[in-house]
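Report on the structure given below.
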Amino acid sequence: MGLDVDWAVRWLTLSAQAMADHRTELIELDRAIGDSDHGENMDRGFKAVLAKLAEAPPATPGAALKLTAMALMSKVGGAAGPLYGTAFLRAATSLGDATDIDPEALAAAIQAARDGIVARGKAESGDKTMVDAWTPAVEAAAAEAAAGNGDVLKVLHATAEAAEAGAVATDPLIARKGRASYLGERSAGHRDPGAVSTALILRAAAGAAE
Amino acid sequence: MGLDVDWAVRWLTLSAQAMADHRTELIELDRAIGDSDHGENMDRGFKAVLAKLAEAPPATPGAALKLTAMALMSKVGGAAGPLYGTAFLRAATSLGDATDIDPEALAAAIQAARDGIVARGKAESGDKTMVDAWTPAVEAAAAEAAAGNGDVLKVLHATAEAAEAGAVATDPLIARKGRASYLGERSAGHRDPGAVSTALILRAAAGAAE
Amino acid sequence: MKKLINDPRAVVDESVEGFGLAHADIVTVSTEPKFITRKDAPVAGKVGLVSGGGSGHEPLHGGFVGVGMLDAAVPGAVFTSPTPDQIIPATLAVNSGAGVVHIVKNYTGDVLNFETAAEMAEAEGVQVRTVLVNDDVAVEDSLYTAGRRGVGGTVLVEKIAGAAAERGDDLDAVAAIGDRVNQNVRSMGVALSACTVPHAGVPSFDLDEKEIEIGIGIHGEPGRHRIPMENADGITNRLLEPVLGDLGIASGDKVLLFVNGMGGTPQSELYIVYRRAAQVLADKGVSVERSLVGNYITSLEMQGCSITVLRLDDELTGLWDAPVHTAALRWGI
Amino acid sequence: MKKLINDPRAVVDESVEGFGLAHADIVTVSTEPKFITRKDAPVAGKVGLVSGGGSGHEPLHGGFVGVGMLDAAVPGAVFTSPTPDQIIPATLAVNSGAGVVHIVKNYTGDVLNFETAAEMAEAEGVQVRTVLVNDDVAVEDSLYTAGRRGVGGTVLVEKIAGAAAERGDDLDAVAAIGDRVNQNVRSMGVALSACTVPHAGVPSFDLDEKEIEIGIGIHGEPGRHRIPMENADGITNRLLEPVLGDLGIASGDKVLLFVNGMGGTPQSELYIVYRRAAQVLADKGVSVERSLVGNYITSLEMQGCSITVLRLDDELTGLWDAPVHTAALRWGI
């Protein structure tokens, strides 16, 4: 069994919940190497997603992600707004009109999301950004999908775990993109807030499928 | 033996010393019910007095007090500047050209000083101002002088003690003049800084005669 | 105490020197004794306007020296009124023969020092009139106080009397306009934090995280009472009500609304206060004809604000609108 | 956290509303989506100027909307760049057909959001040029950073490009003037204390009584390094030297010297910094032709300052002097 629009709505709802629950933690992470707003921005953005979902329930997972892209783009602001906006838009395009997502389509959508972020933000792996959570997630999803057992839940779990590990792995890095790069070496020893929000969102995707 | 110009110069020097030593205490008192500057103002003013004394040593006690009046008037500012300026000017006028001051002349000069302060500042006894130190000092000086034993040191000691007691007695009062009056009932429970500086100056007068 | 200063005792000297360098097109600075005059002073035939007071309230008064406002400003030590030996030469320097108006905030020190200076300037042949500003409704004006303090209204008195002098009013007329502004203006302030006088080195009062001081002046002195922290709308109501009550503002009145920052409050917060004050006035049917929002009369880095309301008539409005060219207030030129 | 606010999440809405009420003679405020336009926008035949960024830097940018400067300002949440759905309608609203220049401070968020907006506005038929401001010498401009930040220089770019647009320069010419200012301006800042973002509720960094942050930006972020507290002259030297070095300022150069307060520093201290900076420049044979001192680009209530130096030529000086009528900068009108 694949992932349908109900999963997508559950995913976005759980993501919104995660942003609200981790708002302070994300602000605190951003305070250390940025400007103390990432938690507020993401919370505001996903609250707007919920409002849009309630206003006009989407018919397909792709439609749900497109609506999410638009809401994030218009409500988050900062660096994260356009980056997540592009990510969800590219994922939505990748899914097209499908009503039921299999492991391959899922892995392709995750890759499209990551590629969108890189296209917009020009960050490479190791620059201490959300890309450092997305890239291992893309790889894990691809590997799980290639294993060919057809289990989307397994793909989602592998993705979430990889993103979480990727976020943790940003700790020692010196930032080379985004606001943390202004700090130079002082950015080492702190976790990147965008990588953490990415892990939270991908964990919510797995939670929604359980 | 009366008081001569050397006594006057010693008095002003000791007063300057007292203002420097008690600068922080006077600032702290003024912080509680005023604007934290009384110690700084008096210290600055008496430093200017010392400079003037060094520049052109006065010939009589009256000349020393007149020079003091001018220096305080032009360097202290605030309420205390004109009030102490007037006090020393009136005392100087009262002493005239005398080179040697007896108890009666001393008591008269102290009274002239107090009357000058009242004429300028319009404060009455009990208004929680420097007048509450000066008035008991005037009375003590008059009483000691009237006793007729001719001892200026006794007059000075009585004066200083009365001023000190007067300063302490301002503690429970509610201010009705000066900056502390803006505080209304909140001014009670604090000692008036100007009454304390008055007591210090009058104590220095006694010290200079010992 | 962390401040951008060198020696705590050189703060006024160095700051005024920097001010003179930055605004050499508008002002001239005399250093010994210290006062600031309009570059083209004395202006022939014009009544001179002199104000002054303790430093630490910048841009008041030096920032208001220039065409259409003050002819001279006399800065004292921080929070300490200046001395006659500064005020007298400043008065003489701006006297063109038409006389000089002293604008004095009602504090014992300012009153006594300006009084002495006025006497001595008169003795030197200058006609002097004094406008006493006492607009602070936080202080009861009674026999049992030194009377109301001069606070935010001072800025408006200086601007409007300055415009009257600039258009050529004579000495009594300029003083009368100043008095009229004073009679029609009231203010009240709040502190969220204290300030630190450089020579004192410690905050001027202690306030905890949940308290504010209502009815403060501009010298870092504590206010009339201390209350638990409230939101901006609540605080605005508290400040505005006694101001309007005391002025007797009624529906149909026209006013100038001035929200002043105490030095350490962001402009964005001042506009939140302005918003509420404007709402209250609109609800009462009062027309806000002119506005001023910003740090104009401050207490060093204190956090907080004051609200000032001036009842306008056509003449006062016209004088407010008249051109002014000073470091801190400029329009029409 | 004690602030003159109601709801931390309503700070920008209420503050912009108050700003609109106080300056209704100069600006119009759109609330949904939020942006501020010059009252008479679009001005026929004139190139439109739009800037924007996170809030918390007031008076930037809203305070610079008006004749001779910006046509529109787009405020984001506190320290968060605005979104395309605000920037696009602001761009359309000020386009008279002559095209629109976006003045963008170089932060990833601002760049990405303005980039998207520019693309979409172009799709709606508006010609858009972007002037990127990146004057902060505290940040190395290298492959390993997001590049230099836009800080104090932004104010000067907005004023001078605004004057070019007002005199009738075409789209490319206005953008070229903006770029020229950016190429000739450098800044560096210091924080004596952190600021508190309302929605965060805690100071943006922790600094003890004896430390200062050198090389801060304007978002309450920590600086490049932390050093023990120094006096004003020492700090001024530290900020000015890299600014002058990077600009290659030499004897005989003419400059504009801008000492900017971060929001919580008294004006008197800014003038102490100005004094020292002016001395250093005089010693180097550099002529300070124009000055600006005050809170123009701030970080809420942060204590500290930045120093900005712009190399002037006759054209830039003339454009600086051209009339401007905004809430925060006004002369000649």
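Note that the chains are named A, B, C and D in the order they appear, and that numbering of residues resets to 1 at the start of each chain.
One rule holds for everything that comes next: a contact is a pair of C-beta atoms (placed from the backbone, for glycine too) under 8 Å apart; a residue touches a chain by one contact, two chains touch by 3 or more.
Please read all numbers here as calculations on a predicted model, not as lab measurements.
Chemist: Give the chains in contact with both subunit A and subunit C, ordered by label.
Modeler: Both-contact set = D.
Chemist: Looking at CA centres, what chain is most distant from subunit D?
Modeler: Computed centres place B farthest from subunit D.
Chemist: Between subunit B and subunit C, what is the separation of their C-alpha centroids in Å?
Modeler: So the centroids are 32 Å from each other.
Chemist: Could you work out how far the Cα centre of subunit B sits from that of subunit D, in whole Å?
Modeler: The answer is 55 Å.
Chemist: On a C-alpha centroid basis, what's the spacing between subunit A and subunit B, in Å?
Modeler: So the centre of subunit A lies 75 Å away from the centre of subunit B.
Chemist: Where does subunit C touch two or more other chains at once, residue-wise?
Modeler: none
Chemist: Chain touch graph shape: choose line, ring, star, complete or other and state it.
Modeler: line
Chemist: Just spell out which pairs of chains touch, all of them.
Modeler: Contact pairs between chains: A-D, B-C, C-D.
Chemist: Hey, which residues of subunit B end up touching subunit C in the complex?
Modeler: 27, 31, 33-37, 40-41, 44, 73-83, 120-121, 176-179, 181-184, 186
Chemist: Across the complex, what residues on subunit C touch subunit B?
Modeler: Listed in rising order, the residues are 54, 76-85, 107-109, 112-113, 115-116, 138-140, 143-146, 149, 197, 199-200, 202, 204-205, 217, 219-222, 224-225.
Chemist: Going by the contact rule at the top, pick out the subunit C residues touching subunit D in the complex.
Modeler: Those residues of subunit C that touch subunit D are 2-7, 11-12, 14-19, 21-23, 55-56, 58-59, 63, 192-193, 209, 212, 229, 231-233, 235, 259, 263-276, 278, 288, 291, 293, 295, 298, 300-301, 303-305, 325, 330-333.
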